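Sharing a structure, written as structure tokens. Questions coming.
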Amino acid sequence: MLNMTRINKVYRTDLVETRALRDFSLRVDEGEFVAVTGPSGSGKTTFLNVTGLLETFEQGEYELDGKNVSRLSDNERSRIRNEKIGFIFQSFNLIPDLDIFDNVDVPLRYRGLRAAERNRRIQEALEVVGLASRMKHLPSQLSGGQQQRVAIARALAGQPRLLLADEPTGNVDSLMAREILQLISGINESGTTIVMVTHDPEMARYAHRNVHIMDGQVTEVEAVDVHPTARQQATDAGRIHPL
Amino acid sequence: MRPILSALLRNKTGAVLVVIQIAITLAIVVNALFIVNQRLALIGRPTGMDEAGIFAFYSFGFTPDFKAEPTIRQDMRTLRGLPGVVDAAPINLIPMSSSGSDSTLTTKRGENMPGVNAGIYDVDEHGLNALGLKLVAGRNFTHQEVDYIDPEKDYTPPVVIVTQALAKALFPNGDALGKTIYWGGKDPSRIIGIVQRFYGNNYSGHIDWSILLPDVVTAKQKAYIVRTHPGQRDRLMPKVEKMLRQSNPDRTIIIMNSMTKTIADHYREDRAMAVILTVVIALLIAITALGIFGLAIFNVNRRRKQIGTRRALGARKADIIHYFMVESWLMTTIGVVIGSALAIGLNYWLVMHYAVPRLTWYYVPAGIGLLWVLGAVAVLMPALRAASIPPAVATRTV
Amino acid sequence: MFFYNLRLAWLSLRRNPVLSVLIIGAIGLGIGTAMTMFTVYHLMSADPIPQKSSRLYRVQLDNWNPDKPYESPDHVPEQTTYRDSVALMKEGPAPLSNAMFRSFTIAQPLDTDKPPYPVTVRVTYRNFFPMFDTPFEYGGPWGKADDAEAHQVVVLSHDTNERLFGGKNSIGRSVKLYHRYFKVVGVLKPWRPTPRYYDLTATAFAKPDDVYVPLSLTAPLQIHQGGSTSCWKDSGSDFEAFLNSECVWLQFWVQLDTPAQVAAYKSFLDDYVREQKKLGRFQRPLNNRLRNVMQWLSYEKVVASDNSILLGLAFMFLAVCLVNMTGLLLAKFLGRAAQSGVRRALGASRVMIFYQHLVEVGVIGVCGGLVGLALSWLGLRLVSGLYRNYEGLTQLDPTLAGIAIGIALGSALIAGIYPAWRICRTSVAMHLKTQ
């Protein structure tokens, strides 16, 4: 699904130069669920920004879904983000002025879909996360966990090939965290590749593979036994439909 | 100071916008204030008349039976006898109104001698008192000197009274009293009196160059000046109008106005300019204050965490307020430095194109002072708000 | 996408009502002030008779003092003498020419309960009406015979007919002016050329006169002028002498439709003056002038310098408001940079973010324009109250309203382009991590 070879990313200010990624290489297969861990300042966030085409990099090659995306224009990167990538952020990043329906609508608008098609997708995505009844609520009227589920619905509605999650459970309580992880696992089951950055080893265990980053380089790759309870619960929940 | 400056330089755009705003504001305010004060000074000049006590109007005879001279004589007796009236006089035209008549006066006989143009006012011996003019030299006209003359007839009075300003224009040495002047270099008149000041009309370009003649032109359309005791004017105006109308059905009374209103009308455009510019200055100051205020609020909100951290590290509330005040002062100061140059440039342009006088120097520092105060006042509220940010903000992550 | 962005703009304005009001208020105030001054200036410098302003010429002859120019060699008398006016009317090779002056008298309503009241009188040839395209409500100009034989006929202005006859058709009825009777032959429709180009004496923006009578009555009725008279020589001892004097007090206009006619009229004037020189008049160098309406208005400096100053200051004021607006918009947009970051992450291109913010700026511009229009209406009421005779100069028409909205939209876009550009250029990743 994604293949990064010897990527370098340097942040420069007047005084300091920080090499956030150094000769960074990683390959993620289609359908995989990869958790990326590492201490603060290790380059996790940079890795996610580069993967999500939010930032560019100086050297190296990045292939996404069979296409080299290393040196695309800003416009092309916007289009790929819109069509192939879904984002889930630690702080949800819902737009506070828009209600739930309109929030899920945002990526679909930029894809230029017709109104009927957008309506159908929004409806379905919200049903998947169990919030179809809250469509007209504003984000501020929902709990943290519900907001994160809206963010997941927003990512799902775009039918992404790759879902990027940045500490998706960082701002919710542990019970809700588990529920969200189960949702994400379910999405993975239905075929979407998932890359999740987290510092929580407990959450990382939901993934097929753990990648540890330190000083901008992959230091350790570890296959994970699938968390038995997690798998069990996700199946039991039975709410995960391929879209 | 240095850290504030570098913080300012980092948020360049906002600061630059405020600086531009302050610069243009200073340029406009300085020039507008200057023009306003000039106009107010113009409007406030004393006319030499008893402005508050006088009213004036025209008696207009409109039938073939109308006889001007007896009417005027009768009217004057009536008016002067009215309780509340100080004095009354016939006059050719109402001073400070839009009508005026002027003629060229010379100090030597002969055609095409250089001379000055003066506003002409024909009155009788009551003229000075009715207008409330102050005689500073010589004497008033006597009853015997006043002639009633036919409007079609050429007439030159043997004696005249002039204003000090006209006397000085004619005889710069200051010895005008008793001297002879010539009408268009021809017929002579002798100056027997000098009044301190009498604003007549502006047609000669000098509103204070006025000359009084001892005659009553017996025209069908005749202006009257009535001077009243303090507080009596408004009561007497309608009364006089009604009385004179009724006393003679062959004429009507028109254009009756108090001198205060006539003078206000005379300066109408100057007052309009002053009012409009004052409104513009007020709005401009409000808008600029808003701009400084808006940027400060924006900066406070953006730097909440930084301010909290400073507080956590031991900054007192006063230090935070001081920080924002100094920041605003810096922007204002850069703005007024550029603005001073703009103000002088704008004035130069106005001088070149619109006959506006050169700016008096102290308007620029006055404007700078005003904007300094404005900058401090506008930033006070945001600074207080910044000071009230709790130090605990520093430890909060979201 | 436009309507989606329109909805986003509306939501955004509602989100920060105070800031939105401040921004819209700032541009509204700027537009209101600028449009108030612009309207006055625009109407002051307007062409009062666009259909023929280039074909109507004011005639100036230099009959002034041989030893002293009128104002300067370039500034010859604006008005003409009675004797020259009458002579030029008789002989001039122009399709239309007209001499006239303004007088002042008392009108006596025939209902005796109404008091006599002062009216202004235009004493003129009948050519006034076709020459200046005066619209008639009833009747028309008097005939050539009335001019030739000095009949006591009158044309009334709309207002005078309202006052004397209650607005009814008064053709054939009599009007008492001073103590003489005049037969009504025409009544004008409401008519207010602004500026009142054909006679600028006293004030350029006053209403036209109340009644019109034939100029041939001047001598028999001894009609004195009520405008301005300038003399450099004795005005004579009686009225007849005054009419033959060198005093200038009439306005003389000709209509010349082709360059050939202009040239012909010019040489006619020169010939006339040369003839007069033989009689001992016109001792100054040959210096006749023909100025068409717009040249005449600019020569007479109809737009006061105060109005030019105010216009300049008002647009500087607008500039301050725009700089102010740019600052507030920048604060507003950067204040929710995170939202744009999310939109960018979800696939919005820079252009789309730019477009979204530009639509918002456009909405602000239109709102500001409407506020500005309301404020300029108020401003014009204020200005009209401050000046005399400004009624004709303080009217907002649809064109001016359109200009106001246009300037508002244009200036809002100018003020908004930088903030919108800034926001669409901000780094996407920066705002996603924390909120």
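Observations on the model:
By letter and in written order, the chains are A, B and C; residue numbering begins at 1 in each of them.
Basically, a contact is a pair of C-beta atoms (placed from the backbone, for glycine too) under 8 Å apart; a residue touches a chain by one contact, two chains touch by 3 or more.
Fair warning: this is a prediction, and the values are worked out from it, not measured in the lab.
Averaging Cα atoms per chain gives one point for each, and the point farthest from that of subunit B is the centre of A. Put simply, the chain nearest the middle, going by average C-alpha positions, is C.
Which two chains touch most often is answered by the contact tally, and the pair is B-C. For this pair, subunit A with subunit C, the centres built from the Cα atoms lie 68 Å apart.
Rounded to whole angstrom units, the spacing between the C-alpha centres of subunit A and subunit B is 74.
A separation of 26 Å divides the Cα centre of subunit B from that of subunit C.
Within subunit B, contacts with two or more other chains are made by residues 398. Contact of a single residue of subunit A with at least two other chains is seen at positions 91. Multi-chain contact residues of subunit C (touching two or more other chains): 434-435.
On the side of subunit C, the complex with subunit A involves touching residues 1, 4, 8, 11-12, 14-15, 338-339, 341-352, 427-429, 432-435. On the side of subunit B, the complex with subunit C involves touching residues 13-14, 17-18, 20-21, 24-25, 27-28, 31-32, 35, 60, 62-64, 98, 111-112, 152-154, 245, 252, 254-255, 265, 268-269, 271-273, 275-277, 279-280, 283-284, 287-288, 290-291, 294-295, 297-298, 301-302, 350, 353-356, 397-398. Put simply, subunit A touches subunit C in their complex at residues 45, 49, 52, 54-55, 74-75, 78-79, 81-83, 87, 89-98, 106-107, 109-112, 154, 158, 166. By the touch rule above, subunit C contacts subunit B in their complex via residues 19, 22, 26, 29-30, 33, 65, 67-68, 105-106, 108, 115-118, 178-179, 202, 234, 237-239, 304-306, 308-310, 313-314, 316-317, 319-321, 323-324, 326-328, 330-331, 334-335, 382-383, 386-388, 418, 422, 434-435.
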